[in-house]
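Read from first to last, the chains carry the letters A, B, C and D; within each, the first residue is number 1.
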């Protein structure tokens, strides 16, 4: 079975290369291996996607893994952003090394953990087992904890510690939720090992006991929600984003949050089936709005650029959660689209931010000035990325925000003022801070290694294209996924 | 292959602009190539756009659907008469501006030429798309694209903090406005979820929701047009931009907001309630009065013009309000009169304001000076610019026989025949509104005399002005083209009203063309010659004849001898340039009469001062009444909310715990 | 619900109660070594209770699960923690943000809440150990409180691990344990987590000269 | 379209204006001198002045530009156009449709802008002071004038001068209170616009109080002559306008040649009385400080608006 091989390859490449990099990560060509491995992963993911598009959903490794149109889309996205991030991190990490901020050993750690992180995320996305999903999420936390603390500065340790404890506790709650889910499922499916398999659960979701599922969903939402960054569980997120190396911030924002949200979505589908009504949806909408509003007001007091964009990620996660909370084909479509756009745009922004902070030697926004004058490409990348993330057409973020807003106007008009207030405030705050960084005068010098600008513009080009034209097969794919989410 | 229809031509034109912009990116530093090849190409496209619209006017609407956009909502485009009037404006005015721009951009000023080229042409293309858009998504994309590209153009010279601030303020208010517009569209779909304009037209809205849509649109488009109190960005952004861009923003972009307002009020909402007109009129009057008052007291030539644009937008809003009022009472002829005035003023203002902004551009290039206090006497060095600016000034002051007068005349005519409205209150208010309009028109004259007199006339206030040079051939050509437009609009009102009448008919069901056409091209009598008429050609001819005849006769019967000498010094020894009125001095009466309208910081010299000086800084009340309080509240809320992130992990855990507990106790399906 | 509760169930309930008691004891404990010992004891009782369920129901994988608990939670983790405490010369006193009586009072309230929340569900369960679901939830919550109130890194981690104990108890009480693959995964995660934490402790002490997490309040907005 | 008689009438009206305008100025000066117990200059003094000025060389400042030289002709042209439009003898004027009342105000505005710009052109302190003050008076007087016109336009449902005059001249004798308000306002505006006491003093050369004179300080020779002539044309135009609006009786209608003949003495009589009244007003009033002028004109504006409201309130139901 060729498809199976592709799938196994996709999981194996990061795992093996992660292990390999642990051993030989100090070699000169190790960064290239990192890029090549990520490229191969993406290639495998693309093949897998092509296969799923033509042949429909399929299982792998017994029933333990299941690839359907919903997660294959996340898989491709994850593999793609993983690849571009690895391209970006090459020169970035070299510069960090030359600045003396990272030793060779740490670089090795970085590369191997990056690959393992990719592995855990791909597992989390493709697993059919809600338990394995939990395990993979926890493993993703562990790998990223090491990545966040890579600099070993007091601040990065503090951030990593908070990240570990808060997400550890959060994920423990998700485990409780998973146990309750198993409990509910076991009463229907019996004591087989299949009771946590999502494909089975979906079939019987109507029969799951509602009172258990209510508790289960609350625990799952609070648990995975911590990782998504829903307010008021988000406190780890800005610290971890700000203090880790920038490529890590990019994948955290661009991928990890998505994967956590994916876990919430899987749970929601089950909860919806069991509980009926809008219980899960309403909870998510409430969390989404709260998160959105809070993050928007947080933005105003930020001094650190990565921290600010971390809050922007929280804000967008709030918006996406709200969209999925509304439910229905259109809102789910919009939510999925927005996840894609946010991943691509935010990671592009972090790429640009990474180079910008390296150039300026600081993450303090007040000290970063005149990027277009030292490096127009990076400056414009940051400017366009920021405009895109703020929902300026013709970038794709606007397309999804447009759909979310219009859908909200139709079904939940009361929420529109809150959404708009938050979006307006976010615009004012972020743009007001980014503009003087990009424009104006500067005294910064050039860097020893030229920045990798391809990823930034590749991402932005895709976002731009999706804002103007979504290819039909992508539309079909989104629609199918949206339908699965109910 | 189907024949090429107007909308196709326009689409191709938009693509051509984009292509020209991208071509600029290929060689971003080659100024000669960009300014002497690409910009002229762009101007040719502009001209084609204008001509296409000219030939289209009066035809049936043409629609098309592009395969881009959202999967559920591809780009719908439609060219109808309303859009065509504005496309006409866009094409012909931008033609002049592009020709001018070909000679304007220099080396070493602001951004790379290639960047300017792409931003400039993107701006043009997005404005065209705004006019063609026929669904909410396409409209918003084009609308924000327009805001974005113009923002980038405004911040071309981003090294100055003030310009960055201006750009920020501009984009922020534009964005808030866009949100409001989007909401308005949302309301107009009436919950049906059909975001095409056709879908919106099909909806029957209740008065409440209709009013909501109207008010949201008024705020949204008002933010772009510069209606009070969302005008604050305009006097900052317009002066900050390079002059061709200022011209384009004031001349064309503001009109797209008017277009949007017309589109919503008369086309999409479907119903009209009389008080909408009153609201629009009231806001318009306040805006006009505010704009003109502030324009008289400015000391920066481009700010002066920017405030004058606010004034003109106010007049347009008044016209729209009046049309709404008449329309709601089914007084269609009068509504058509007001509407024609609106269209005409759009065209007229686009022409003369672009002309004036371009003139300031030439002055800026020649002198590197924007402050009125350092200019003067430039008519000797740059006669072309000075005389062409004089045309703009006369038109802008609303004086015959140029374009500004025609629209003001039409507007006042509409006011004059307003009695007969079924509300006695309205009957009282309308004349008062007319009085305010009259005041505004007269004060516009004051501001314009100040503008022209202080820049071009008198003695040079700074010695280096002697090195100023006149505009180059490209710039001159652009200026002449716009001046010609201004004159044509002034002297051929009947013909032009006949042209744009299709749009009036489309919106109101009736137009003025029939009545106007009866009296031939020379005479404008929209209702009947007994009631009111205006023959600009005769007007112009009489003055010209008298002028020439008087000159000839004086020389024939007496002589034409002239001698030069020093100016009479009235017994004062010192009569240097410093003795002339300053810009501040010129507007002193206005500041004195309308003192409460301004927020002034003045410093008066006292007897004991070692180095006495006088200074005055005029600021906008709205900053202190509206914007700063809002910013302060937002900041205060931020201050409260960030306390959540106190840094203590125990507290974070507590949040998590309490959330869980709360959900366990409270959340029930 | 039958009037006579079978012996096995009585034993399980007893074990669960002991676990709850130990959770309270940990909440009140002021010495770090004692805290670790209490945690080990909790692991032991948890293992015992799993074993009883396994014997009663004959579920094979529960034996493995009990063995895993014993190895990991009663022996390996306490040992690692002990070593860490000794190597790091941690002060033996444990400081609490809130005084102990208040914490206990809060704990009692939480237990009531946990029981109330869990009761309707536990009735649905068919396992012998179903009554203990409420206790499991209470243990989770108490561990949570412990994490909130402790200012040092190690007690916080112990709290975290105690929470895992609660979860494990829940798993056995409600469903006779999770599928084996999941349990293995969880165990692996916990182990790796603790190892990473151990590494962390050294780094934290190097950087902050202390394991007092009140030093780690620099990253903030408010 | 344009009848020969109409054209002749038009040309006659223009010629009459050119001839009568300086005479009116002379008459006002004479009346004023008599009222102020001075010995009067000859009635024809303005003609002598014009002749003298036309003969003289022009002395121009070095800083004078082309605009400075063009302005007098434009101003003269504007005023002549105004006189051509305003019916003095007959309403049968072919030029009348060229500009209605609104355009008439526009013509005055155009002239004002040119004279102000010309004043600023030399770049002396007095010139710009005069220009500024002229614009100040202008922007206050112009809306007030428009309001007066609105009042009359509403009565006749037209802004065409001819129609208004015809309507007002041939109405039944109804007392229009609004016209009283409008009349007072119009008088005040005329005083201000023609640089008369109490707003300005045409005879003054005291630098700090002058307005009109300050603007034309630099003019000499033929240019000054044209400006002076234009000033008297303006006075004539305003007088005729006032007479036509408020005392329209006797102005000939279309195709009424006899009426035209009868209208001439009547016009002279009315102008004579008007000139005397003007002189009287100038004599009994003192010149105001320049900053009282806005109040004065503001009052005129309010009166005009009041007139309009009165018209709407009291007269529309009739």
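FYI, a contact is a pair of C-beta atoms (placed from the backbone, for glycine too) under 8 Å apart; a residue touches a chain by one contact, two chains touch by 3 or more.
This is a predicted model, so every value here is computed, not measured.
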Chain at maximum distance from chain A, centres defined as averaged CA atoms: D
Centre-most chain, if every chain is reduced to its averaged C-alpha atoms: B
Separation of mean Cα positions, chain B and chain A [Å, integer]: 44
Computed distance of Cα centres, chain D from chain A, in Å: 78
Chain centre separation in whole Å, for chain D relative to chain C (CA means): 101
Whole-Å gap separating chain A and chain C, where each centre is the average of the chain's CA atoms: 31
Residues of chain A engaged with two or more neighbouring chains: 161-162, 165, 169, 173, 215, 238, 298, 301
Of all residues in chain C, the ones touching two or more other chains: 117, 144, 147, 156, 213, 216-219, 221
Of all residues in chain B, the ones touching two or more other chains: 642, 644-645, 649, 653, 664
Which pairs of chains touch, using the document's own definition: A-B, A-C, B-C, B-D
Interfacial residue positions of chain A with respect to chain B in the complex: 161-162, 165-166, 169-170, 173, 210, 214-215, 218-219, 221-222, 226, 231-233, 235-236, 238, 275-277, 279, 283, 294, 297-301, 330, 370, 372, 387, 390, 392-394, 398-399, 402-403, 405-406, 409-410, 416, 420, 423-425, 427-428, 431-432, 435-436, 439-441, 467-470, 472, 475, 479
Complex interface listing, chain B residues touching chain A: 67-72, 136-137, 140-145, 147-148, 155, 158-159, 161, 164, 167-168, 171-172, 175-176, 179, 182-183, 186-187, 189, 191, 193, 195, 634-635, 637-639, 641-642, 644-645, 649, 652-653, 655-656, 659-660, 663-664, 667-669
Residue ranges of chain C in contact with chain B within the complex: 97, 113, 117, 141, 144-145, 147-151, 156, 213-214, 216-222
Sites on chain B touched by chain C in the complex: 642-650, 653-654, 657, 661, 664-665
Chain D - residues contacting chain B, complex: 54-55, 57-67, 70, 73-74, 76-78, 80-81, 84, 95, 97-100, 102-103, 106-107, 109-110, 112-113, 116-117, 120-129, 131-133, 135-136, 138-143, 146-147, 150, 153-154, 157-160, 163, 207, 217-218, 221-222, 226, 291, 294, 301, 304-305, 308-309, 312-313, 316
